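The data blocks that follow each hold one structure.
Both of the next two complexes hold chain A, though its partner changes from chain B to chain C.
What follows is the complex of A and B.
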């Protein structure tokens, strides 16, 4: 991650959107930041935590998004500017608190929630859109259109949130959050933070202060006043602007990364003189006068936005209130099918939509070249499916789970959730995971399945969760399983890091976000204190792990816990050298003639093991192999050799 | 000193390979060097789950005028730095055009689809010929092989950065890249600098 506290105002830095947001928060003078890791949001807190100690702010990885938001609100109540960051799913976790926070209002410290959406669900289980949630919960929402705005808007949003006394949301998407671009730095404040929880009710203010006892309906009324005030500010916001001719053949209304795609498309089609772009930065509440003024730029309007038709519906709602004799433009977008109603967009999709509406043809490259290149790719480029890294303990765990379920013979299966281990839905984890929903969802689903004995259900159920997910969302489900005597095994894949999002520490690691040593919340001690039967296994011990799982499946008692403990290979490799040098003894490997049917390369699928077509035998790819040596125990011929280094 | 000019604006560079090879590292070094030299740079990366052994690409858009989007439109790549050969061809299929320049490390990395027997990895010589056929100019840099001679395949990235700079396709010189390399490469910086210089030499021979 880039150094976001560099004190060089006026210089340009190459920042990912998340670093720009973090820098904006620093320039705004935040004192408190909390988050739970989630792609594409993780680097916001990550980059703040990296500099927190040095500049005298506090940053934490919270146990989940709910606690992160609540903790940040606590800081706001004591007058400290605070930020909570999360990915789109996190908003669901925190929504109960949000629905009440909007009623109470915030404290004297401005409070901002950053939510990073993941159109196309590139690193997610869904592609939920934060914007309708802001509308639903009456929360002002803004969205930066590039990297500079990501910084500038964050800084400005703290002022706004403080002035309004309500939580404000900054929404970002993967292609801003995780893309890099130029950011010109501003000044860092030197003000010292002073926290105090003010208990006196200020009755002189029109707006009630946070903790005055008032009926919720009245609070709702005051909240709407705050939204009206926000709308008024948004009417003249520099983050909303029009670029294009006075009278355009087509008006694009857009925001966020789609603003960049729209500009690319207009540039590629050379339509600067014919197409205008209304770029919105303040999306909710909609600056209605500003939008209405620009709607007359053209009689054709195209909405370019990802995921939900949020701008499209908001503007159509606005146009629905126009006088009956008003001229309305023709609207194009998701409703008309010109823009995909799902998935992320890109410049080519905007080029296509604009060309279709204006009846233009566009050709990016020589037609013959294109045909030839596409045909060559089709005929000769193999698929490249995602898989667990070489040396990943999850592959070994799923190997034992697969074998244990087979040996048990009762058609047992695995419920799962989100993490690197979601790959076990596919060949990387031998198709073992059968359900995948939200964080901890597999454990909850297992609770229900484990109570179906009276209906003749006797399939063993294994719920897998990651170590970070265990702390985040699984503990209530485990307590439920113990209390209600549900029959399932909770397998905690403890690789000692929040691996998928960038190896962030969690309560089991003994380290805080700011790099301070802290108490370890022991998962086995916690589970045992709840009354669970707990076993700890090394996933690289295939035999031991398989036997433990088999015994647990045979036991009729309630919820049980098996902890698979081995450090993430990527974390290990950063700290130490490989334990083994591994090679295939081509004398011992009998290739296709072996009864194993290429167990190592065809089934186990570690990318470090490859098939040598020339020799017709297995081989180690020394560039990929991590030297973990676990594959030695896969080969029935003993042809894979590991030598300690 | 007058600022060096881009041959085209925006200049569209793709860095491609397999998750874990170090795409992001290369794009960080090239991108930061351009920003320090006063250019606008936008980089779109493949992130998250796709890093786990999947195909990865970084799209870099370099401009003297404005901030472009993090996606290169189809058929509009100017330069492709391929850390792996089939991934280079995959990129040519979507982003190539008759003017595209390719710099490739010909060392294959087999996917689990290939090792599992569900897909075929093409014949390497034929694959390289195909890439050459679809490029206006191609440099073959045996980066992995050369890096292994230096003690670790990890030095391949610095070799490829050297090749990219040495080829002269970017308006960057060695002197402006070196300080960024020193800052960003987390370890073994001296060996990486040797690798970087080796890359420059390799591309010129």
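What follows is the complex of A and C.
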């Protein structure tokens, strides 16, 4: 990660969007930052935590987004500027608190929530849009259109949030969060943080020093006043601007990374003097006067935005309020089908929409070019499916789960969850996962299934969660399973890291975000204290793990816990050498013959194993093999050999 | 007629799901896709093979050409004798007092195995051993002591051949197998067409087959026992010869008996479709002797079987006597009855006199047995 605390105002640094946001928060003088990791948001807290100790701020990985937001609010109440960061799913986790926080108002320290959306759900279970939620919850929302704005807007948003006394949201998307660009730095504050929860009522301030949503009608009224104030500020915000001719054939209204795509599209079509772009940075509340002024630039308006038609609906709502004799432009966007109503956009899609509306023929490139390029790239890329890493303990766990369920023979199944192990819905986990929704959701679903015995349900249910997910959202579901005696097995994949998002520490790791050693919250002690029958297995011990699961499935009683403990292979490999050197004894390997049928490369599918078509034998990919040696125990012919290194 | 090669999917659909599976274990042990667990063969993953599938090939409930098998083992087609190909029939019992004490009846199997091991005819034997929890489990005995530990029967089916299949293919040890008729049939299939990528079937020097009218389900019957007895105190199971009509369990504190009717419902469904009471393709077949406690009925079928019996007699390991003719007649009657019953059940199941499910039998014999 880049050094975000470099004290060199006026110089340019290459930052990813998330680092730019973190830098903006530093320039705003935050004292407190909390987050739960989630792609594409993780580097915000990651980069803050890296410098936190040095510059005297506090940063933590909280156990979930709700606690992160609440903790940040706590800091705000005591006068410290605070930031909470999360991916779009986190907004759901925290929304109950948000709905009340907007009513109570924030403290003297400005409070900002950064939500990173993931159009196309590249690293997510869904492509939820934060913008309508902000509208629904009455929270001012802004969105940077480039990397410089990501930093500048963050800094500015803290001032605004503090002035309004309400939480503000900065929305970002993957292509801002993870793309890289030059950012001109500003000054870092020198102010020392002093936290105090001010108990004395300040008569000059409309906000009382109690932070509660009551009396709700009055609070709601105050909140609307704050939104009006925000709207007024937004009317003259430099983050909203129009680029283009005074009278345009087409007006594009856009924001965020779509602003970049729109510029590219207009450039490619050479339409700078025919098409104008209204780039909005402050999206909610909509700066109505500013937008209305620009709507008369053209009689055709195209909304270029990803996921939901948020700007489209907001502007159409605005136009709906125009006087009856007013001239309304024709609106194009998701509603008209010119822009996809799902997934990420790109400049080509914008080109297509603009060309269609203006009746232009534009061939971005030779039709075959794409295919040729793809074929060319594919020829030099090894064939590999989406799978667990070589040596990943999850593969071993799902191997045992699969075998245990099959041996048990009652048609048992897995309710899945969110993490690397979500891949188990495909070949990586032998197609074992049957449900997958949100963090903690699998264990909740298992609670219901585990109570269907009276309706003849006898299928074993295994809820699989990661270690971080366990702390994040699974504990209430486990308590419910014990309290209500629901029959399921909670399998916790304890690989000692929040692996999918970049190995962030969690309460089971004994390490904080700022690198300080801390108490380990033992998951087995916790589960046992709840009254659960707990077994701890080594997933690389196939026999032991399978037998433990079989026994737990056969036993009566409520929720049980099986902890699969083995460190994430990527974490292990950073610290130590491979335990084994693995090779295939080609004399023993029978390949596709009866008695094997390529079990290792057809079913087990560790990427460290390769099927050699020429020899009809398996072999080890020495570059990819991590030397974990677990495949030795699946080879039915004893043909895979491991030698201790 | 060339039949389409079949694999594990067909094994599951034609044998396991139709409850014809005898739990012999022949499809397990060296196949990573099929595994035995608690009275069931489970398919862990789909094998994609269709051209050469040993799981299907060696199953005693997939197509068997009885004449071809008989030709291979005995050098003659499958005959009409109720007890299969017979060299001699005796009654016998072990002379060793320790064996006698441990044995189910006359201790002949234990005595013969011990002798074969001691004389180096075999290096090990695949047997059924009653585990500490009283479930039967396959066991590779490699010493006389090991063999003694396996004496006695639990009357439950046990996937013995899975243990045989687990023996590394490069292992050249000479082996004995003690098996039920269904398992003997599977071994006979292997002898007829030797398996590949497994230990050589030629290593099997001795097949001792047990008499069997039916076997009990190791899952359901075991559950029944568990619910009715303290299994940790069980010493021996016994079904005394007719007319006792009961299942006896000897425990540390005495004997508990269950009426045989109560036990019969735990019979493996597949036993109803089995024609073989006396393990017709074994080298030696051994059973009890009706009305005479402490003795075994012994049938020798092959030269290997005859040689071993002679040696046992010469070395004084067995006391051998003539089986009374009334017993022999009764045995034949019972064996024929099993064949007839099974044939009728098979036709009932298939619904077609010309469809004998797995059985390939000459039309003449088929007609005779169905009469």
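Here, the second predicted complex is superposed on the first by the 614 of 645 C-alpha atoms of A that agree within 3 Å, B and C clash if a C-alpha of one lies under 4 Å from a C-alpha of the other, contacts with A are read in each partner's own complex, and residues count from 1 in each chain.
Here is the rule we go by: a residue touches a chain if its C-beta (ideal position, glycine included) is under 8 Å from a C-beta of that chain, and two chains touch if they have at least 3 such contacts.
All figures in this text were calculated on a predicted structure; none of them were measured in a lab.
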Review point. Touching A:596, do we find chain B (first), chain C (second), both, or neither?
Key: second
Exercise for review: Give one of first, second, both or neither to describe whether A:403 is in contact with chain B, with chain C, with both, or with none.
Suggested key: second
Review point. Looking at the overlay, does A:430 come into contact with chain B only (first), chain C only (second), both, or neither?
Key: second
Practice item. Return first, second, both or neither, reflecting whether A:376 touches chain B, chain C, both chains, or no partner chain. Key: first
Practice item. Have a look at where A:150 lands relative to chain B and chain C in the superposition and call it first, second, both or neither. Key: neither
**Study point:** Partner chain(s) touched by A:185 [first = chain B, second = chain C, both, neither]
**Key:** neither
Exercise for review: Scan A:385 for contacts with chain B and chain C and give back first, second, both or neither.
Suggested key: first
Point to revise | Partner chain(s) touched by A:114 [first = chain B, second = chain C, both, neither] | key: neither
Revision key, fill the gap. The intersection of the chain A residues contacting chain B with those contacting chain C is 602-603
Point to revise | Of all residues in chain B, those that touch chain A in their complex | key: 18-20, 27-28, 31-32, 34-35, 38, 40-45, 47-50, 52-55, 66-71, 73-76, 86-87, 89-90, 92-94, 96-98, 107, 109-122, 126-127, 130, 134, 144, 153
Study note, to complete from the structure: chain C partner, complex, touching residues on chain A are 402-403, 406-409, 430, 550, 590, 592-597, 599, 602-603, 634, 636-638
Exercise for review: Within their complex, state which residues of chain A touch chain B.
Suggested key: 12-14, 39-40, 122-123, 146-148, 174-175, 178-182, 257, 260-261, 263-264, 268, 346-348, 351, 364-366, 369-370, 372-374, 376-378, 380-389, 420, 422-423, 427-428, 500-501, 598, 601-603, 605, 607, 609-611, 621-624
Review point. What does chain C use to touch chain A in their complex?
Key: 30-33, 35, 37-38, 40, 42-45, 47-49, 52-55, 168, 196-198
